[in-house]
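By letter and in written order, the chains are A, B, C, D and E; residue numbering begins at 1 in each of them.
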Amino acid sequence: MQVNENKEFEPLIVAFCCNWCSYAGADLSGTNRLNYPTNVKIIRVPCSCRVNPMFILRAFQRGADGVILCGCHPGDCHYTSGNYFTRRRMTLLFSMLDFLGIERDRTRVEWVSAAEGAKFAATMNEFTESVKKLGPNRRLEDLRCRKQ
Amino acid sequence: MNNDTLIPYIGVVTDIRQDTPDVKTFRVVSPEGGKVFEHMPGQCAMLSIPGVGEAMFSITSSPTNTKFMEFSIKKCGCLTTWLHAMDVGQQITIRGPYGNAFPVETELKGKDLLFIAGGIGLAPLRSVINYVRDKRANYGDVQVIYGSRSKDDLVDYKEIIDEWMTDDGIKVDLTIDNPQEGWDGHVGFVPNYVKELNPSINKTVLICGPPIMIKFTLAGLKELGFKETQVYTTMELRMKCGVGKCGRCNIGNKYVCKDGPVFRFDQLGELPDEY
Amino acid sequence: MQEAMINKAKQLLADGTVNRVIGWKRGEFAYDITPAVFESAEELDSEFVYDDFTSANVSKYLVKECKKEGRILAFLKPCDTYSFNQLIKEHRVVRENVYIVGIPGGPKLDAEKIKAKGITGILGVKNENYTLKIDTVYGEETMPFYEAILDKCASCKSKKHVVYDELIGEDGDVLDSNRFDMVEKLENMSAQERYDFWREQLSKCIRCNACRNVCPACTCEKCVFDNPNSGVENKAPADSFEENMFHIIRAFHVAGRCTDCGECSRVCPQNIPLHLLNRKFIKDINSLYGEYQAGEDTTSRAPLNDYNKDDCEASIVHERGVE
Amino acid sequence: MQRIGVFVCHCGTNIAATVDVKTVAETLGHEPGVVISQDYQYMCSESGQNLVKNAIKEHNLTGVVVCSCSPRMHENTFRKAAAAAGLNPYLVEIANIREQCSWIHKDIATATEKAVILGKAAVAKVHLNAPLTAGESPVAKRALVIGGGIAGIQTALDIAEAGFDVDIVEKNPTIGGKMAQIDKTFPTLDCAACILTPKMVEASQNEHITIHSFSEVTDVKGFVGNFTVTIKKKARYVDETKCTGCGLCTEKCPMKKVPNEFNMGLDNRSAIYIPFAQAVPKVATIDPNYCMMMKTGKCGACSKVCSVGAIDYKQQDKFIEQKYGAIVVATGFNPINLDKYDEFAYNQCPDVVTSLELERLMNAAGPNGGTLLRPSDKTHPHKIVFVQCVGSRCDDSKGKPYCSKICCMYTAKHAMLIREKYPDTEVYVFYIDVRTPGKNFDEFYRRAVEQYNVHYIKGMVGKVTPRSDGKIDVQASDLLANEQLHIDADMVVLAAAIEPDKTARPLATMLTTQMDTNDFFTEAHPKLRPVESATAGIFLSGACQGPKDIPETVAQASAAAAKAIGLLVKNSITCNPCVAHSDELMCNGCSSCEKVCPYGAITYIDKEFRMPDRTTALRRVASVNPAVCQGCGACTVACPSGAMDLNGFSNSQIMAEVDAICK
Amino acid sequence: MLKISLDKLDKLFEAIAASQTLYIPADREDGAAEYRKYESGMKLSNKLNTLRSAKDFFFPQTENLVDFKMEGKNIDVIDVREESEDFVIFGVRACDARSFTILDKVFLAEPVDSYYKNRRDHSTVVTMACTRPAETCFCGTFGIDASAPEGDAACFSDGENLFFEAHNEKGQKFIDSISSLLEEGNTSKLDDVREKTRDILKKLPLANLSTDNFGGDKLNEYFNSDKWGELSESCLGCGTCTFVCPTCQCYDIKDFNTGHGIKRFRCWDSCMYSDFTKMAHGNPRLTQLERFRQRFMHKLVYFPANNNGEFGCVGCGRCLSKCPISMNIVKVMKALEVK
């Protein structure tokens, strides 16, 4: 995304949503016409535990400014335990990104159930705002992929 | 700056022919029409779809064809699958020509020629055969022994039947591995068929096909009295840059992409056994 | 020690317990030791060496060696035994095919440290009462032993052998090491400082893959970074992103499996402190999920293959440390 | 090279009003591999589907992208359409441009831009989709019903009727549930016991039904058609097979001061007890918290009087494991705890009761033998105040946001019954709204007002204060008359909100089904699949899915049964082909994947491989059982070499989506 | 000879950098030296050599070859080459200087590699004679005199002054460009220093290593040697030796999809890598033995066969100190020699 003097910086947010809870939650916020910014683009995965750290880095490489991972609440995973693994993996990954000096507010995990359409929208609004404040992702981008 | 051979030209695919279930022949011209570049029989070109891959293919058409180049390509990897799926009008990138050629203007001139091919191995030889047909006076007898798994797997079958076989002074012997309905020709493997046909040992042999076929045919030829210096083959191994620099096709002190792909068997014998 | 080891190896070869020995072979200089397999008493006598420079961890070779005919004797230092145990746990080695003799470990010397002092033309290195006497073409030089030890030895975590068939010498204890000090120091820097630190370090990477290829945890049949179908394959760090990607993912893949043997940093031709990435994961795992030492045993669940219902949330990263 | 068709749906104006569908179709038409890109009013309609089918045939498509509503809605519709046209159904991808685009955005330009990006991501993904063939797995011909109330009983009976074995697991010593505690039912006022107990008996006698009373589900493994459930049969210290239900033990038991839960604690029972006369199974149960023998080792009265020797003080909990093809959840409801409602003095005054307590007070089998008496002094109440919506339709944290649905009707019933039996009693009902949709419901309510002169007052009760003279001061407002009222009542009846049973939440975790924020089970679709959970093979019956009255519960119970039967009649079911698979050449055999698999779908085999140096070697490699794998993908991330991948959501597919979005 | 006092080096560098880009070996934070673009105040490293070789200047680890834009069925080829700016590499050691000659034989052979040539044409290589060779040095084995390096121009330090000598027109031009800072100087002390250096070179442990047993005609002698198994046994198959080597020049060509175009780039590759020769239908070098053999056969036999006996090694010693398991060309040569 380009910072243009006339135009406010619009971050690109990639949201990975598990099929059973969060994707349904996102659908519900649609059904209830709860607005959240167009910056957020959702990728459906069967379970949050499907999200490989490589996908997250890939998103940053290609120009994402923030990546959020949404899954069922702990204990409610459609596959029983998937999100527990997600929680450990992402905690460690985010901690590592932080260790490497990548702004910690660019990544987030949020548990959103199928019934929490409002939470989904609120989370996305809030996350987009916080990433917007950080400005464009420069520390984990691939210059070759930067849009001219 | 001068053009660099690593920067490819654009080629337009103007015709796609399904030769066998897994071989298609692509006709390529430059966007302005005409051939992208000139070549000699046996030389190769690097074809590529950017982002998909780049690979070396021998140019199947004869240099005497002034309008276009042709490539017969077997579907076996990522790039070839992509090429097989494309439609006419698709642009590809092409660079070359690379490698040496069969010595059609020197050592082969005036000789009786025996072409032995198996399967897709006909592709590089087809260029020479058509070159020889177009410059018929320069060469002696021409015999082609060509075999494949089945009748459907014979590349350029139509051209063989309609043109080569109707030509005077060119003898074509076809064979397939196993009997098949609608096939009244010879059945059997190429090496055995060569021995059966017992060609004159005065001929110079050009051979191309699967390694195992080459190995047994060469042994058979030696039994018949052929010398290694009489037999040429062509290799297409792991080439990347095409100009003998990237190091990939290095065998001994030779680079297949530059010093080959055409080798005489006595030359091959001097190389380490790494191909 | 070298003498005792050679004798032990000859004895085990002679009585048929093993048919090969993996150890270290003398080089051209004092320090260029190569891991090697010995098959005869003569070879052992003439070339086997165990001294202050024999630091290479040979456990990874056992992945390949244990699949060969017969049994192999491996001399393992305490840190190497952790690597080997982890390989047992992951079914990468056949325990029965390896006869392990535990030997005392370091501290081992780092030739780079000596050279960094400007000492060059090294012809020989002798340890006299923890002072190194270095014979060079430019005359004799000295330096304190402890200034020349490998970083990995300076923060040794354990002198205990966690797996062995027999020991030469006494077994040691798990140490209270200071190995997380540098990680902590970095954690206490600002994000910008951390970023600058790592950019400087990782930009040195030439992607020679030495860290990966030496790593006893990196024993994949095919590494994702070599696999054109993985989508992340790359051969050279064409961009700063790819340097980050490679090292983050590599550290992640060995997280909970890395025994902290320190080989990655030892072999890095560009002196990148790669072990800090692994230690960061180890430190996080210890503090968030309970103390865990990979390779300590062969049965426990690796932290990333395990969970607790009341594990902390990922937001903990946002709540602690320096922004 | 792929030949992809893109189909953009207007969804009437649902999408077309905010997203410029023409632009979306046109832009996506230029994506690599896209050979046709069209838009249409309603893509899910028959003609819309025909558009897709014809394009598949005409353009020889290798992939289809439908830009429409959520894939949770119509993915299957379009997959079926593709299959009908000869395209593998798994070569279809949906771009969700309704729920996740047109409905949440207002600006046409940005919404259109986003829709295009979502479409591009779907195109990028479909490039890499592989045709998948679903495998089949056998169906265990047995159903499990969790909960033995009217919902569970009805479901079990219907399934048994179809000839399948059914097990009912009931946590209480008897089946019957809440309906067994109810006196009369609205709107017909027929006796609840008279209609319920025959069904209970029928269930106990049906050869296809096994009742596990006093039991709980402790573990659920497996998946649709193949659940393995562990049931804990709690020790009741009485041998069920021997006990004849004669009741002698309950009479002889010296410990008679146990609050009787069946009568809502309004009277007492013995330590060994049969909950009520018509209990099924009619078997005694010892309450170990009160039994003298169990607590002190001295007594044994029951054992002495039992002629069949059924008493077994040493009985242990027993665990049984059973395979089921389908599971029906019928865990029902409970009135909420009113501890937080100090203003209604529920905890201070015994004469402030809940409606369910009133049921028992009025029941012939209740503590007073059917005579309505005040719990405090056993006198006849002359003025009764009913308070509606206690904890229902509540915005604060004390109560529930939803309407409990049944209170209006049962209060009308109570008022009517009281006025019928005790015409000298005045009845006041304070309500916010009276909600009586349902067959003969409003007529019933009107009879209460018009025929029985029940005083319905629109207004909320502010405070209930017990007075020293035994009366209860009810301070309320009459919103219509706009005045404050004080009523000196003899009894106050609170229509407590109902909530799902507490056992539902842990059960949902075991079943991996979803619940809403109120702990009601979430149905797969609120309109189209109201009795199925989103987890295949798990069906919902009765109040566990939301507040319901008896007729609705029975209707849903039968519907759930029908769905379960529909599953059980199949010999095998089609598996989800989006499962993990391991590339054996890359697999290290390290066991990481096995450790994170929640289904035990991964095993290791020693397989012979040709090594690069032309030797062969045995290698340990992972092997996924596709019938057991459910496709979560946990293993794909645990695998460091990337040997594990997931069909339908492969590494390369997801990365292609990422790339397309970030492009 | 023209000279400049060592304490005036800053002035010299400033002067060179004023007219063209200057690269000098400088110390980085971990003590190792690397070539850096000169900026005011930067100090010349006194390390013997840089950690990475100087080949990066002409053959960088990755470089963009050409861009493509794909639109429908059409492909647009974008030539990304730009004329290089003139630059000076200062302080190149004799071994690295020789490596350029070796790389030239590959990249400047027909068809000329324009990317390489472009940078080569615009460069001036100013070498510097060694005074403190290390034990890992064996440039003498390949006929290189560390005290008299090649290059366009060379400079020599006597501890106080730096003396300059032009080897060709380009070198002369360079010296002319800085002549205002130079003065004629007495070389008697320098001659002593050089003499001393030559003495040291003779005393180095590898001084007697000889190439007599190697060369283009030794193919059959070594290819099937049974030493390869033992030598390659502990090789990790990493690319350290290749990547620090000043003469290794194998490369790979790859495409990178940026999302809005394709970048075709080349990057260093290593014959030590298991997939170097891998093709769709197999790999002719199946084990590390063959790959290991290829690297050393190429340097010691194949390359001299094609290049009038010139070996593909300059004895810089980088692989000796950097190989994780200390296996290197010296050990290979010594092992093979033993009949």
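Here is the rule we go by: a residue touches a chain if its C-beta (ideal position, glycine included) is under 8 Å from a C-beta of that chain, and two chains touch if they have at least 3 such contacts.
Chain identities (UniProt): A = F420-non-reducing hydrogenase iron-sulfur subunit D; B = Hydrogenase; C, E = 4Fe-4S ferredoxin; D = Disulfide reductase.
Keep in mind it's a predicted model, so treat the numbers as computed, not measured.
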item	value
Given subunit A and subunit B (Hydrogenase), the chains that contact each of them	D, E
Central chain (distance from its CA mean to the mean of all protein CA atoms)	A
Maximum inter-chain contact count - chain pair	A-D
Reference subunit B (Hydrogenase); chain at largest CA-centroid distance	D
CA centroid of subunit C (4Fe-4S ferredoxin) to CA centroid of subunit E (4Fe-4S ferredoxin), Å	30
Computed distance of Cα centres, subunit E (4Fe-4S ferredoxin) from subunit A, in Å	46
Computed distance of Cα centres, subunit E (4Fe-4S ferredoxin) from subunit D (Disulfide reductase), in Å	72
Whole-Å gap between the CA centroids of subunit C (4Fe-4S ferredoxin) and subunit D (Disulfide reductase)	54
Two or more partner chains touched - positions in subunit C (4Fe-4S ferredoxin)	224, 231, 238, 304-306
Subunit D (Disulfide reductase) residues counted as touching two or more neighbouring chains	596, 638, 651, 655, 659, 662-663
Touching two or more other chains - residues of subunit B (Hydrogenase)	87, 90
Pairwise chain contacts, counting only pairs that touch as defined	A-C, A-D, A-E, B-D, B-E, C-D, C-E, D-E
Subunit C (4Fe-4S ferredoxin)-facing residues of subunit A, complex	53-54, 57-58, 60-61, 74-75, 81, 84-85, 87-105, 107-109, 139-144
Subunit D (Disulfide reductase) contact footprint on subunit E (4Fe-4S ferredoxin) (complex, rising order)	70, 72, 257, 259-260, 274, 283, 286-287
Subunit A residues within the subunit E (4Fe-4S ferredoxin) interface of the complex	62-63, 142, 144-145, 147-148
Subunit D (Disulfide reductase)-facing residues of subunit C (4Fe-4S ferredoxin), complex	67, 90-92, 219-224, 227, 229-231, 253-254, 301-302, 304-306
Parts of subunit A lying in touch with subunit D (Disulfide reductase), wherever the complex brings them together	12, 14, 19-21, 23-24, 26-31, 33-36, 38, 41-47, 49-55, 58-59, 61-64, 72, 75-82, 85, 89, 113-116, 121, 145
